[in-house]
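Naming follows writing order (A, B, C and D), and every chain is counted from residue 1.
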């Protein structure tokens, strides 16, 4: 007898990836695919590649009320930030809520405001939320009823950076350059996202500290390092013509005398037993190695006291829906790897 | 002293390509870039890659009234079908009109209705229009004040097909399969056009005789062959993940005894002196050979009495804006090749 | 206690996809990854995205001798045609052989010669081989020790075509146009395959009956229809800029009076219980719906007596490694769907 | 009566782009397309999209001896580094040599050795060469007989960086992240360059100071700034799935009090009259704006004392063949913009 998992906002890319992961998850018995704009329409009308689900019941999208009536064990929200929290509210303390939006990620309202230009919605719950960066918060996740799944850029940036900044870095500026596939912008009818605009084209955007994910990254960087060092993180994302995939190149200054063996030790200590962090010693990762998988693939290069960190993820899996399932696994006491792809693209 | 050329609907891809071709055209002195939705805004706000035009005057988009006041020698309309004709109307008999939309392409209202679901707009002018398939209508174009530039699929299909169907074919079914780059769908904010939907993806659409361009192709096929043979053309377009480019594969049945040398002769006769039709004898063309150029590159393969025709164009140049300029050259008595790129992509 | 599966020629795309499918297959306990050119090297040196396999033992490529010594239950050969048969030979009658090359596909040596310019290798085994088009040969596959997995083009073409040609078609010419992703050409250092040659580019190639897969398709078309009708199949493949995916558009002439409901009936009869054939009634499939899955997604369009068939597969899964595993499932009495992805890409 | 231009190593991408630029150049009368591996073969066999050249004479590739006999006014070498210098040697002091390889770029043999692992070939000429970064060396180029065209990464990096580092920067580390289209790696049959490896994939490579272009950049950065500040440049290139295009994001620390208006002034001073440097004040450039053009499009973002510079070029035009023609224009006293595209892609 498995659990019942509900989705809010199933029709976007993260919802559609989540459907697939839950369909293949051995501990999930029923899936309730929610969509307020498509209630009653068949799932295949939006997602013909999903095929014949055995767990989706009527194969039609459900309203929030229909989902509430089913009392799901877990609710995943794939709704946009500033819209998600209100839709999650009715499930609070009834179901475990795993929110893929930004609404519960940042406990400090001022930091949230800086990123999103509004006060965090449903502020009173913020204190109860846990930031679902699994490799760093396994214990609190295990007992939380409100999990905020990190953004894709923060996931790919923080996983290599946190151990390095905490133990090796000497404070100061951290320069992050990130490359993202276009699915990171969602399934939206925007002119700047159409194929003829994005293929054979690449650009930087939202540089310095202007991207919404920068305050989120700085917040958790501070949370884990402020006792030892002060860092200022500059983050420049770039849009590259691939569908799925994210690469992050980070440069920080390390303490005098830091050697490659020190870096190996720190990564081994933090990630030696983490099934979804792959540390490469003599190979800079490529995004396709992680495409479709929940893996974050990491490498580094040390030149004097400048440490370069490289990390790749699939923005829709480890950067969103896969990490959400990984959180579910931890929260429900399942094996952390259950239902999560172990390998990337050929 | 060169001519003044105006554009209506400059902000889409065909308008932007036309701007570049006219900027480089030695007989064009002034360009009037029109846009009703962006009047007064700088051209660079929509098209930063166009750079500093020396022919565009104020570098801002003009209204239709502003353009009328300038009495341009030629007006190119890049507006959508069913919207274009009415905007062209005020220029009739004052300027040469070269319309890239479908509005004046099909003189038979029933055929137009079949394709577009409405009566042709400004029907009274239809009889005065010329179908600007240059290689077949040079003489009438030279004296026309209303030129309808063929669609991209009709251009790529008719150029190899007309000589073959007229002289070699034995009537019956013609099976056309076409592959188009995504810019053919225009610069429109549609979900099905976004990069994450179209990259790593291909599909057929509007098969048989359901695509809007099929009646246009059949109409001109009939016009040039009906005295000798009857053909029924089936046309299946496919959307492929490239920005610019169109490939058409056509199969027709030829008369008994047709040999490769007959095909060579027919193509030589029709296109031997045409600067923008390239006949390849031992090489099937690739789209990139025509990317950015006004060339239609053609080849064939004969197996028994089945003749396979292959043709490639750049849908935005020979399939739209380049062919429009080629028409202007003919109409104004300029050299046919003036201002038109002679070579494709490396 | 699961079975032991060996791979010959693991380092190409089909081998790497097969590794992933077998790693996730619940009835496979051990994987023996063979490579004569890379014997002894770690699998991760060629395929870093495969990660930490739990079934691959030493994680290094094995020689043929090492594999022979392990007496695997099943041997998959991912070697090139004309090289594969000889390498499979030592396993004959010791292991079940599932060969992804063309070497055992065509029992008629003359047809093989027409396609490959040589006599079929190890001709004496040809009569013992079964053509692993699962949906048509389930029973013989179940008891065969030598299974020849169909090519990607034949799979995508024959699945929609066989029922239609057998029951609805009236003989004559069949026109097939196919679009293939570039991985279909293998992982080979060829100039014509490099990114800068293939991106923003598309073309037809090997038209008519000149592609190697055409005799294979014609052979099995004849095998299943020759009692009722005679067909001549013309096949024109096109190379399109996607990594994985194949779309086939087929046109055949059907008997007078054939209606849509007849087509529905025929497809229901043949594929109603086939887990990997999806019949779409009002939706032309896109390749991404099948990307990563073992599904062949089919639709059709009837215009008079011209029947258009559309089919999409992932050339590396249903067109190669997935179909190989499907054959293994049938041969070993496992559930046909075991270890095979049920859904395509979002 | 125009000049005669010869090419060595015409069959790669830079050679093919150069053919097109010279064909359209009003002061070039004859083109001599050289290739030692393809001598006597038609140009169209390698480059079918080039079409019917009116300047290439026999339309066949010529040997070095055939070219020598024609006494060209200018010789462009598109040969690989370490192979180019020896082939240029026989033309020295007979023709103007414009070398697109690295062989004459770095006058300091130690710096060359660090980058290429060998002593610079034909060392005695090094002192006579000029680094053809036109916007910085116009005067010396005008009188030089041996011009070394900068690499693509150095061009895109140095153009925005030199004025900023010279006048605004306060020394220290400069962090450069660059994104390059795959054509930058040349037209080579390498497995890691094939479409199926590079599409849907991106990665960093050769980080820190390990890429061959880093010593070249550092050398010219020092040459122009060492009197005022000391900089150490770290350069991390990334391979992104586009055919043509390069984006560079550079971060340097500026002096206290530097304001946006200072940056505007510096760029205006250096590039106000440069036809191929476009300074964007409120728009971060995209690569497609420069695709096919000789433009370097630049923007910046200032956050405290961290200055972010963004620059885009077409790696094959401004990063290679276009810049080579721009050098020819300067050297022969032609207008700097002659024959060079003024606008990028739509």
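In this section, contacts are C-beta pairs under 8 Å (C-beta built on N, C-alpha and C of every residue); 3 or more make two chains touch, one makes a residue touch a chain.
Since the structure is predicted, the reported quantities are computational estimates derived from the model, not experimental observations.
**Student:** Select the chain at the greatest separation from chain D, using centres from the mean of Cα atoms.
**Tutor:** Result for max centroid distance from chain D is chain C.
**Student:** So which one's got more C-beta contacts, A-C or B-C?
**Tutor:** B-C
**Student:** Cα centroid separation between chain C and chain D, in whole Å?
**Tutor:** Roughly 46 Å, centre to centre.
**Student:** How many angstrom between the C-alpha centroids of chain C and chain A?
**Tutor:** Whole-Å distance between the two chain centres: 36.
**Student:** Indicate the whole-number Å distance between the mean C-alpha point of chain B and the mean C-alpha point of chain C.
**Tutor:** 39
**Student:** Listing for chain C: what residues touch at least two other chains?
**Tutor:** Within chain C, residues 13, 199-200, 241-244, 285-286, 288, 291, 345 contact more than one other chain.
**Student:** Once bound in the complex, which stretches of chain B touch chain A?
**Tutor:** Those in contact with chain A are residues 13, 181-183, 185, 187-191, 193-200, 241-244.
**Student:** What residues on chain A touch chain C, complex-wise?
**Tutor:** So the residues of chain A in touch with chain C come to 13, 16-17, 20, 23-24, 47-52, 199-200, 278, 280, 283, 285-286, 288-293, 295, 297, 316, 342-346.
**Student:** Across the complex, what residues on chain C touch chain B?
**Tutor:** Touching chain B from chain C are residues 173, 175, 177, 179, 199-205, 207-210, 234, 236, 238, 240-245, 247, 249, 251, 284-288, 291, 301, 303, 306, 308, 310, 312, 345.
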